[in-house]
């Protein structure tokens, strides 16, 4: 609708300037989101350390880790397609972030274009990129890791989608902007999370969210004891750094999506606050729970969260 | 014509190396697995990464030198080696050690048992993913290492028992500190139970994992807590009492169905049993004041009369024994170290792992408490 | 270009037949290489001409007369029974796809045929099959449809018979099901003839008008006729419950044959289903059936809603089956079955909703044509990416010496990068990654489902999409990456595809991205004047606008301005590239230097993990696959044991017997006519 | 471009990732250093599962011939700025197993060792001191062991060939597809 | 079943004299003279089978001692019974030059790893147990089995300088000869030596 405003009818120079400002805004926005994501991971390590009776690293430890990893001299790669996979892996979530309402932080309005189907299929690009890289890495452990990550994806995708579709059923629209418009920003009563038929869908999706973010008890993909950190087996220096950045970006994206759909995240700041709240809840589960076996996790995910979310959906549609 | 619907077996095994450097392996040990996707078809052990040929080195050292060497055989529980070797020398030479030395040796053995079992809880916590259990267990284990340091001067390799008794008597106030630590540990163990007992994830992962029957266990040379987990009350401290165990009264801890959860619970309840034994020993030590050592020899080189003796005791891993041959010289003629992992890893693991999931391999390996150094020696 | 004036429907088939005759003649040349190249050139040229003509007709380019004034071709058997073929808009749309796939498959075939395989039958029969398909698409009355349908099945059966790679009875299963289809089509046509007591003709479009009238007169007979007529269409489009033949047939042939079959030949089933759904709508919405089958179940006739749910379940089940397969051909077979079910579900959604709203008469049901055009666009997407996946597999098949099992392939991409990228983009499109053709088409289908308020249905469709992600990775890891299962020395002998193959691969890759980058324009081009034709016919029938092109352009793709998507997607990739270039260096490492728990690699180990790494969830979902339709058929087959053995003995594998059967059917027809 | 910043050495020192490989008996004192009492993670030190992700490899105690081959293989799989720390006296002169036919008495003939830690099994406090010492060396840029291995690679390879009797080459050219 | 009954049972069945040097310890030796190699092996296997029937449930170990002076390997089979509870050690002598022997892995499963170890450390071949010929603990071993008395590790290190730290290890002092001058326990008369 408003593509015209960007590529205005003004002279060539103004148009070029507009494009430059836009790219700068986009770069700043992505940088900010990744920084907040890394900050979240810093809180995660501090939180789990304190649960485990120890001091734990400083909160800015992930920034140091990323700098160290990106400055490694000769990370091993098998084939240029390995690098392509990693670039695609990081590019996916970054592109996804542009469609979330978080981008009002720098005054962009791409999020008006984002709708649920695009978000769901853009979220797949990141894992697919790293899956390709792990496959090129040709280590059997890498293949098992990817196999588990994809099985888990099949596992948590069903309840998560059912939950989101319940919201789409209630608001009758796929556009994120309209969904957040249908909810109030700060008053919990206005959030979909606490409205009657939707609370079931929200609970189902919330359990699945634990799998989406691959926190325990559904973190089979990188289970160190069983498959030596699965997918990340062949990722050295800068490839591991880019994977950390991807983890940070997708953390913001997944939690942002959930916040928009169930907690009414409209502008950037309130969504970030809600993301923090969701993150604290998630890591408190992660700190104390164990890890299911892949088939147990799949059965658990396709049983209780799916039933609850389906109930929520059916009640919304028919009641 | 096979209906090509869901093909679950691929008859295309892959050679997977749970090799020396793998977070799922406890210690420097390796398995070569033939795997079909995540199902294990066949397993073979590859030992020898920690082989230092102890038995050859012991023949080249005098009796007293060996006592400095043998704690390094089994790292998680070094005192087991010291006791067995010294008991064998005393049995060949026919020396009778004073009761106080017996009590002190039993205290050291029971404390080593608690520290080894805490390490077991830590490794099981890591396998299931409950990392707080790992952190807490290792953290609390350090209190016992501090007690060892106060008693013997070293945290892990104590070199405290020598032929005829123990090197030093118990320092002042040590028994009170021991009592205090035991009370602290009991409080902490309740926290562990909250973390593990009613956690659905841990129950689902461990209950029913690799169950074994008593006949299967004895046929495959399974000893120690793994055997007691199958339901038979066989504990060498009761059947073949050594040190001061015949003077202590305790019940042999057993579980019923012999799966990973039963093995976990046997060890968890044996920590309580050790705490109770230590309390009895503290009372006995406070009343007894005989000398801490009977040393019928002078200097560091003494001869042991010609003869042979086999002493085996109940270590946390299983039956741990020393068979010592002496030809009357200053050096032992031949020493054979009987480690429990030789049967556990070589015979049991290769047989029980077939058909299990790869995700459970590290848990099964941990639940049997496989400790590679006493296989490689 | 004088001769262009007297164009007729038969021009394209004639050219194709000419191409195949040429290929047959070239078959006699002794020098194998020259023979193959000549055959390829002749048939590809014919296919290219056919493609050009169809595109020109649809787009209305100068060199070709208007679509309407193409002379129809009619054969008069008796005064009432005439076979007539005519070119109209739906023929053009599907013909472009079929001829396009034909051209690429024929051009790429040299890369997929091993040296010892005989290519002559392929080059002779494929153009014939394409010609038969063209005739089916152009047939305007049932008798013509039946004749070209049988011709098509017969040629396809011959191809399957000749290229039976795994000897698992694929062709015979296909023959059996084609026979069933033929018989039920005969019965359907016979009943129609009875219901309309011979007066009306059998034009497909006429039927759409006459069927409602017939239902009122003879409700049971017409319904039976339509259902019987539907059976062969469902078989061809491999819709449950008639889908069991497809995996074994596609899986046991040569990759190039399977490429043409699943990419183009199955689209005839989709065309037929499209026609059939119109007829079925006619019966369901009129006469006695309105209350039962036609009862409006959430703005959709109940019969269609049940069919849509059945198809959604079918899509999920086939996708779950696909990732558990041991053989790449079977994986692609199940994957294409899943995609076909998507299309028919979209078709049913599109048509169903249109009719549902027609009853309300208040809303011009233009907005819900998303499903209808989503189906057509997904047919194109599937045509392109399935062909690409099979071609890439074919190239690996030739270089691996005839292997298609995952256990025997691996690490071919190191030696064949361009072919890998063709397969990779095909898989990206299967998984419907944004900016791919698959995404644009599925985007339409999901909108149809979601705006039609079928939430459980779209949830199942999304799960089938996620399951497609699993088998896409298995295809990529099994064939192209991972460790070579035949050892490193063998891999040094593998060479990249020839220059000609690379050109085709690049073009095909361009196609998979073209459909996703500018979807609105491509869909408009393919179904260019579709709207006018549809509008014209429905206006005659007095109904409101059936389809309004502007609507799908506005609603379909406009919500998500695909230009935006392309820019933002590249911005994300560029930022990632920026991070990649500014960070530290990297060193190339050999293939046997991988993490093996610090155990140095030794050649006698087999370290390619391609067994059941989805094993855990396969074991979880296996119990739910106990009840399967195939087992029901086999059980039925067992019961008619004597009948089956009789057919077995009758099927001497000699083509002459089959022609006798055909002749017998035609005689039966003649008898009917007289009676 | 990132290389010359002083920040990088600081970052490398504050985020050392240790290869989770207990080669000898010294590994018994690493878990207390990792867990709640001594907690090395507050310095940013984390045990990592595979050599690709690790920066430092700890040779904890005696080195048998069989283990040394795997240590060298893991060392060569690690990305560039990597360091080797050897625990106890066994890797220096054989220690208590000086006369054993299975152990290798001197490690630095085969791998460039950056730091030695005293103690026949160094205590947990000694491990913490080792980590802080390693962090200072890296911050000041003194830990140059990996350049040593690159510069006179044939010296190390020659020693390894003499020890094992065959060339320790882990990947022959055949797999360079 | 009591210890005495076990001793009587073995004496009756096999005519072997069972001695009990320490509480809960029994020793029996398969006699070397008078019987052919085959008969002794059969007696050994029968004895191990019979022990399994009368209540010995656990094979604790199989080990070997190299008596180089009288040129024989002495194999010790350690069986433990939880029910009696006692340990029976069966001794079997082998000629040192060509130590060929039969396996007992079909009677006792744990014998697999013990025989593998004895084969690698002493060179005793157990025919019938293929796994015992595989390398167990040593890798690329190029000398005589290491636990034999005539193998000198320091000499081995001299031949492999790289392993022996690249320089001549401490001069080897044969402690046995050196100790001859040490005052024996009897002369020093007990305690006062303790603190010297």
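In order of appearance the chains are A, B, C, D and E, and numbering begins at 1 in each one.
FYI, a residue touches a chain if its C-beta (ideal position, glycine included) is under 8 Å from a C-beta of that chain, and two chains touch if they have at least 3 such contacts.
Since the structure is predicted, the reported quantities are computational estimates derived from the model, not experimental observations.
Peer 1: Identify the chains in contact with chain B as well as chain C, in label order.
Peer 2: A, D
Peer 1: Under the document's definition of touching, what chains do chain C and chain E have as common neighbours?
Peer 2: Where chain C and chain E share a partner, that partner set is B, D.
Peer 1: Within the chain touch network, how many edges lie on the shortest path between chain A and chain C?
Peer 2: The fewest steps needed to get from chain A to chain C is 1.
Peer 1: With centres defined by CA atoms only, which chain is the most remote from chain C?
Peer 2: Max centre-to-centre separation from chain C belongs to E.
Peer 1: Can you name the chain whose C-alpha mean lies closest to the mean of all the C-alpha atoms?
Peer 2: Smallest offset from the overall C-alpha mean is found for A.
Peer 1: Counting C-beta pairs in contact, which comes out ahead: C-D or B-D?
Peer 2: When C-D is set beside B-D, the one with more contacts is B-D.
Peer 1: Based only on mean CA positions, could you tell me how far chain B sits from chain E in angstrom?
Peer 2: Computed from C-alpha means, the inter-chain centre distance equals 24 Å.
Peer 1: What whole-Å value do you get for the distance between chain D and chain E if each is reduced to the mean of its CA atoms?
Peer 2: Computed from C-alpha means, the inter-chain centre distance equals 39 Å.
Peer 1: Indicate the whole-number Å distance between the mean C-alpha point of chain A and the mean C-alpha point of chain B.
Peer 2: 45
Peer 1: Can you work out the whole-Å distance between the CA centroids of chain A and chain D?
Peer 2: Computed from C-alpha means, the inter-chain centre distance equals 36 Å.
Peer 1: Going through chain E residue by residue, note those that touch at least 2 other chains and give them in order.
Peer 2: In chain E, residues 138-139, 146, 151, 153 touch at least two other chains, as defined above.
Peer 1: Residues of chain B touching 2+ other chains?
Peer 2: 14, 16, 19-23, 35, 37-38, 48, 51, 53, 56-57, 60, 134-136, 139, 357, 359
Peer 1: Chain C: which residues touch two or more other chains?
Peer 2: 411, 414, 582-585, 589-591, 593, 595-599, 607-610, 613-614, 616, 619
Peer 1: For this structure, give each pair of chains that are touching.
Peer 2: After working through each pair, the chains in contact turn out to be A-B, A-C, A-D, B-C, B-D, B-E, C-D, D-E.
Peer 1: Quick one: in the complex, what on chain D touches chain A?
Peer 2: 2-3, 7-8, 11-12, 14-15, 20, 35-36, 39, 41-44, 48-50, 52-53, 55, 77-81
Peer 1: Note which residues of chain A are touching chain C in the complex, please.
Peer 2: Within the complex, chain A touches chain C at residues 3, 23, 26-27, 30, 69-79, 81, 83, 86-99, 110, 113, 115, 117-118, 120-122, 124-125, 128, 131-132, 135-144, 146-148, 150-151, 153-155, 157-158, 161-162, 165-166, 168-169, 174-175, 228, 233-234, 236-239, 241-242, 245, 293-295, 298-299, 310, 313-314, 317.
Peer 1: In the complex formed with chain C, which residues of chain B make contact?
Peer 2: The touching residues are 1, 3-10, 12-22, 25, 30, 35-39, 357, 359.
Peer 1: Which of the residues in chain E come into contact with chain D in the complex?
Peer 2: Going through chain E, the ones touching chain D are 138-140, 142-143, 146, 151, 153-154, 156-157, 160-166, 169-170, 172.
Peer 1: Quick check: in the complex, which residue numbers of chain B touch chain A?
Peer 2: Residues of chain B touching chain A: 14, 16, 22-24, 35, 37-38, 126-132, 134-136, 139, 195, 199, 201-202, 204-205, 357-362.
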